[in-house]
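Presented below are the structures under discussion, each in the form of structure tokens.
Two complexes, one shared chain (chain A), two partners (chain B, chain C).
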Partner chain A sequence: MKFVEKIMQKFGAPFQKNGPLEKLYPLYEAIDTFVLTPGKVTRKAPHVRDSVDLKRMMVFVIIALVPATVMGIYNTGYQMLLAQQAAPDLMACLRLGAGKVLPIIAVSYAVGGFWEVLFAVVRKHEINEGLLVTGLLFPLVLPPTIPLWMVAVGISFGVVMGKELFGGTGYNVFNPALLARACLFFAYPSQMSGAKVWVAVDGYTRATPLGVVSQAAHGVDPVQALAGAGYTFQDLFWGLRPGSIGETSTFACILGLVFLLITRVANWKIVLSCVAGTFTMATIFSLFNGPNQPAYFALPVYWHYVLGGFAFGAVFMATDPVSAPATRLGHWIYGFMIGAITVIVRVANPAYPEGMMLAILFMNVFASSIDYTVMMSHIGSRNKRNRALSSVK
Partner chain B sequence: MSVPAEQNTPVIKEILFGRANQKIFRDGLWDNNPITYQVMGICSALAVTTNVSTALVMSLGLIFVQGFSEAIISALRNHIPPRIRIIVQMAVVSTFVITLDLVLKAYFYPIWKQLTVFIGLIITNTLVVARLEGFAMHNPPWKSFLDGTGNAMGYGLALIVVSSLREILGSGTLLGFHVIPGSFYEQGYSNNGLMLLSPGAFFVLGLLIWGHRTIAKYVEGK
Partner chain C sequence: MAQYNIKQGRNIKIKGSAEKRVVAAALPKLVALVCEDLRGWLPKVLVAPGAVVKAGTPVVMDKNNEAIKLVAPVSGTVRAVNRGEKRALTNIVIEPDNSDAAEKFTRYQFSDLPGLSRAAVVTQLLAGGLWPCLRQRPFSRLADPALVPKAIFVHAMNTEPLAADVDFVLEGREKDFQAGLDIIRKLSPGQTHLCIDSRARSAALTGAAGVELQRFSGAHPAGNVSTHIHCVDPVNKGEVVWYIEAQDVLRVAALFLRGVHSAERMVAVTGEGARERVYFKTVSGAPVASLLAGSNLAGQRCISGSILAGRNVGPEGFLGFYDSQVTVLPEGGKRELFGWMMPGFNKYTFTSTYMSAFLPRTENTLDTDTHGALRAIVWPALYDDYVALDLMTFFLVRAIIVGDIEEMISLGILECDEEDFALCSFACPSKVDVGGYIRQGLDLVEAEG
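Now for the complex of A and B:
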């Protein structure tokens, strides 16, 4: 480690005060704290000694995203080969997929990083580690055919409007990666939705499972419709279906979830209540099922979990600690509402076959109000109890 | 009725475009810009800024209405009973708005068809009432006229910036002419649909406010 320390010292000299590169100090600081544990000590109590800081936490999320990313790369290649009716060989799939996905990730990190450094330099604060996660989450919720300049537009919007505008990491109301996706979704609908964009082969059209279900005629059994389009439950669970890069594999998301729960980065209450919310709402809709209703009403509940971005959103987006509520009861309400609203958008709104993104962003807005209400009701009930106790005396 | 302050002070002949009057005019354009500083008239700013031509007509209309109604109200200010002042103000503003509406209908029919709803809504534009109440009721007509036109121009300026961005990014045109070359589209460029939706206007407006306040070093609540 002495060796690394020496390098950093030598390398860091021009970044110190009065050095020629003083203005770029945040850049040096970010690399320095990334490779070495900072020697700074808090000046006042409490002096909590804990290895988990923001940087470590973000790195845990990155590790949790690895299965989804690898699966996304594999599936992107797999879908391409399938479309060209070639044999889906493992190496060929990874190679083709990497050629499509890695540039998107690179652009996302480069452009996002540019904004991050710019704001750190102008506002003289540290470079926030949030970008490490945002820069990877964002490509994973995009279709593989997305033009690279749109990736740049999206991540710029997410970082600047979603995060820096509110004051940087920790102050953002919305999940920046999701806000970036929402921006592209409304700005360039033809590149972000429909049946043409999910497989990276020119002119190839294949409806996603969500599209199949939402376009099935009234009264048709949606599971049959899915089977007719070549989708089985196993395919959807393992992730061999067209869709956004990282969202296809429920299995990979579960792997990530397990890791996040072991390291206690994600909150299990949010994920569980998300599942419960979807279950409740989907059950209610299935009670109203009839021959004149859209096919979505008849979809068995468990299919909702493997469709679209549910798993990815519930595991990686809804659990974002900044944009989620902070109270325990708040976690339950927040997760439940995300699950419920997702199903409402999917089933009841024919314009949007997928509702996960909108549901999470919608609940992001209410996160602080939920916290406020929960705390106020706590204070109220404690006051009541205290009054009761004092009157007994 | 309260006695206006300037009646007690000795009358000093003021130069028509003196420094004080210039400041009144300039205030609305930059320091006290209705959109980015006072945040007023946002509703119409969202509604008419999908393209530049409607924004331009709207701004010109507002300059006309605001300038003259402030001058008239200011001239009448000592004779308006305070209790019914809002009604009087509305009557004057409506007169000018209806005049404007009829002129547009007669000579600029296609634009009138697009804008008539919003022209009618100038009457309820917060900016108009706020300046009438806040300025014209306490200041002489010429100053009020300058304040009215200055504020309306500041409003128009913000509108034109917002609408230019929205039209270029959203439709690829400016005043109806294609400004983004066709070769861009062949390379895979496409118009930003978000810019044509109202949220797009909010984003652009928000950025504009951010930019203006950063340059003017203005922080709310200080």
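Now for the complex of A and C:
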């Protein structure tokens, strides 16, 4: 360890006070604490601290994203080979997919990292580990055909407008990765939606399952429509369908979720209430199903869980502890509303076949109002409790 | 009698508990009257170095209330008056002369105690230098003799890591303890609550008469005073309760029955770095070194109190005014390669992000390493799992940061003490000092009235 410490000290010399690179100290600090733990000690009580820190927590989210990322890479290649009517050989799929996906991830990290470092240097604070997660979440919710300059624009918007303007990680109102996606979604709709963007083969058109259901004629059985377009429940569950890079495989998201729950990094209440909200709303819609209603009304509840970005959003986006409420009751309300609003947007709003992104961003806005309401009711009940228990009447 | 089960909180499973054996320590070469643990007073030193004092001779008084005096714990010669930052009084060091010379106070018989008036109790406690043993909520400050508390809490259990077991300390002392309780309960027209561990067996605790027995079970902070007050008789705005440590009740009994100031204290010496981990019978303000003979203290931190709420006093320091525990904790600060991705079989954590969490280990080695650097709070919902009071910690901290006194009060700051949030600071992955914020808020509320 001493050896590495010496190297880091030598490397860090120009970044110290009065050194030529003094201004870039936050960058050095980030690299230094990446290689070696900070090695600081407590100064007053409590004299001991938990071994976990933000770096490790964020890294664990990244690990949880690995299945979705690998599956996304594979599926991107798989869809390309399928479109070219070639045999979808495993290595070929991975190679082709990596060629499309890795540059997107690289641009996301590079441009996002640039902004993070710039703000850290100007504001003289440490570089926050939140970017590690944002930088990977964002590429995974993009179509594989996205131009790289658009990735750069999106992540810039997400990091700067979504996070740094509010003060950095921990102060942001919105999930930065989703805000970045929303920015691109509304600014460049033709590159972000429709039937042309999901398979990285020029001129190839294939509607996503979401598109198939939302465009099915009134009164048509949506499951039949999906089968007609070549989509089975299994395809959707395992993730062999066109869609945003990381969101297609419900299975990969579940793997990530299991990891996050074992390590207790993600909040299970939000995920569970999200599932419950979707279930409730989809059931309500199915009660109003009739021959004149859009086909979406008749979609069985469990299909909602494998469609679009539901699983990815519920596991990785809704559970972001910063943009979610900070109260326990708030978590239940927040998750439930995300699930319910997702179904409302999908079923009742034909303009947007996908509702997960909008539902989460919408509830991000309301997170603080939920907290405020919960807090006010808490103040009321604790006053009542304390007056009732007090020996002075 | 009531039973309370505390669901929140968690015990830190650290190695180094004290063996249940009492060793009588020799009177140390120096004894300090430690003043820095006391809150809510303005000290005025009454003696100069070189002055000869008896046990019970006043050496410091409160400028705001001249009746409150701190007295010499032992007879001897004043050697130093130590001041710290901004010349705040830290301690007064006395070199004992090993004589029995002591100031004489009124002596009472056992049979007199039930008939004592409140005024007589107050006068004797003030004169005998034991008044500072009484503390007041809100703000954990010295009790104000001009106020009448609605209730009194006797703190007779402790769930701090490795803390001295009150049940063990009071074994065989039931007569003295009962006498002390009989005196203390005169101070309030309301009830006196004896808060004990539901597993307590000693007759002193379970057989105490004239007080309300309140039993608590659960993990830390189930044993904190705030938890007890919150469950039994919470402090609303304008209300005041007093509390006292169980061992100080014994000192009160000695003051009334023997008519002398007693500084006697049983101290648990804990922590992996301590060689002889037993209960020492010594005096309040003893040098920690006198209890750590034979321990190699290089690279160790000497804490008066526990790892969660104690004070780093160093090997030359003295036992704190209210403390009955000394912990020797290894210093951290070693830099480790790629710590953020190592499996960590030896890393203690409340989360499950290290392999250690999956090992059936009951005792762990901890050190003073922060294991990370300060970041913005990103896990606000985490805190409430570790606070036993019914309050919303994150929102309280937020109100303190913006200085909103009204919101702090309605969110319950008057019930808090910084020690109640030590586990939050421990568990916070952003390494935020939650207890420090609470203290800042309490000081602000107290200053603004």
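Brief remarks on what is shown
Here, the second predicted complex is superposed on the first by the 379 of 393 C-alpha atoms of A that agree within 3 Å, B and C clash if a C-alpha of one lies under 4 Å from a C-alpha of the other, contacts with A are read in each partner's own complex, and residues count from 1 in each chain.
In the analysis below, contacts are C-beta pairs under 8 Å (C-beta built on N, C-alpha and C of every residue); 3 or more make two chains touch, one makes a residue touch a chain.
This one's a predicted model, so the numbers in the text were calculated from it and none came from an experiment.
Within the superposed three-chain model, A:Leu54 lies in touch with chain C and out of touch with chain B [touch as defined at top]. Of the two partner chains, chain C is the only one that A:Ile262 touches; chain B does not reach it. In the superposed pair of complexes, A:Tyr171 makes contact with chain C only, with no contact to chain B.
Put chain B and chain C next to each other and count what each touches on chain A; the higher total goes to C.
Once chain A of one complex is fitted onto chain A of the other, the partner contacts of A:Gly277 are absent, as it touches neither chain B nor chain C. In the superposed model, A:Asn383 lies in contact with chain C only, and not with chain B. Look at A:Gly355: by the touch rule set out above, it reaches neither chain B nor chain C. No residue of chain A is contacted both by chain B in one complex and by chain C in the other. Remark: chain B residues 188-190, 192-195, 197, 199-200, 203, 206, 210 touch chain A in the complex. The touching residues of chain A, when paired with chain B in their complex, are 147, 149, 153, 161, 165, 183, 186-191.
Interface residues of chain C, counted against chain A in their complex, comprise 12, 14, 150-151, 190-191, 232-236, 239, 301, 303, 305, 307-312, 327, 329, 331-341, 344, 347-354, 356, 366-381, 384, 390-392, 394-395, 410-412, 415, 418-419, 422-423, 425-431, 435-436. Here chain A touches chain C in the complex through residues 1, 4-5, 33-57, 59-60, 126, 128-130, 167-171, 262-265, 267, 321-322, 325-328, 331, 371, 375, 378-379, 382-383, 385-387, 389-392, going by the rule given at the top.
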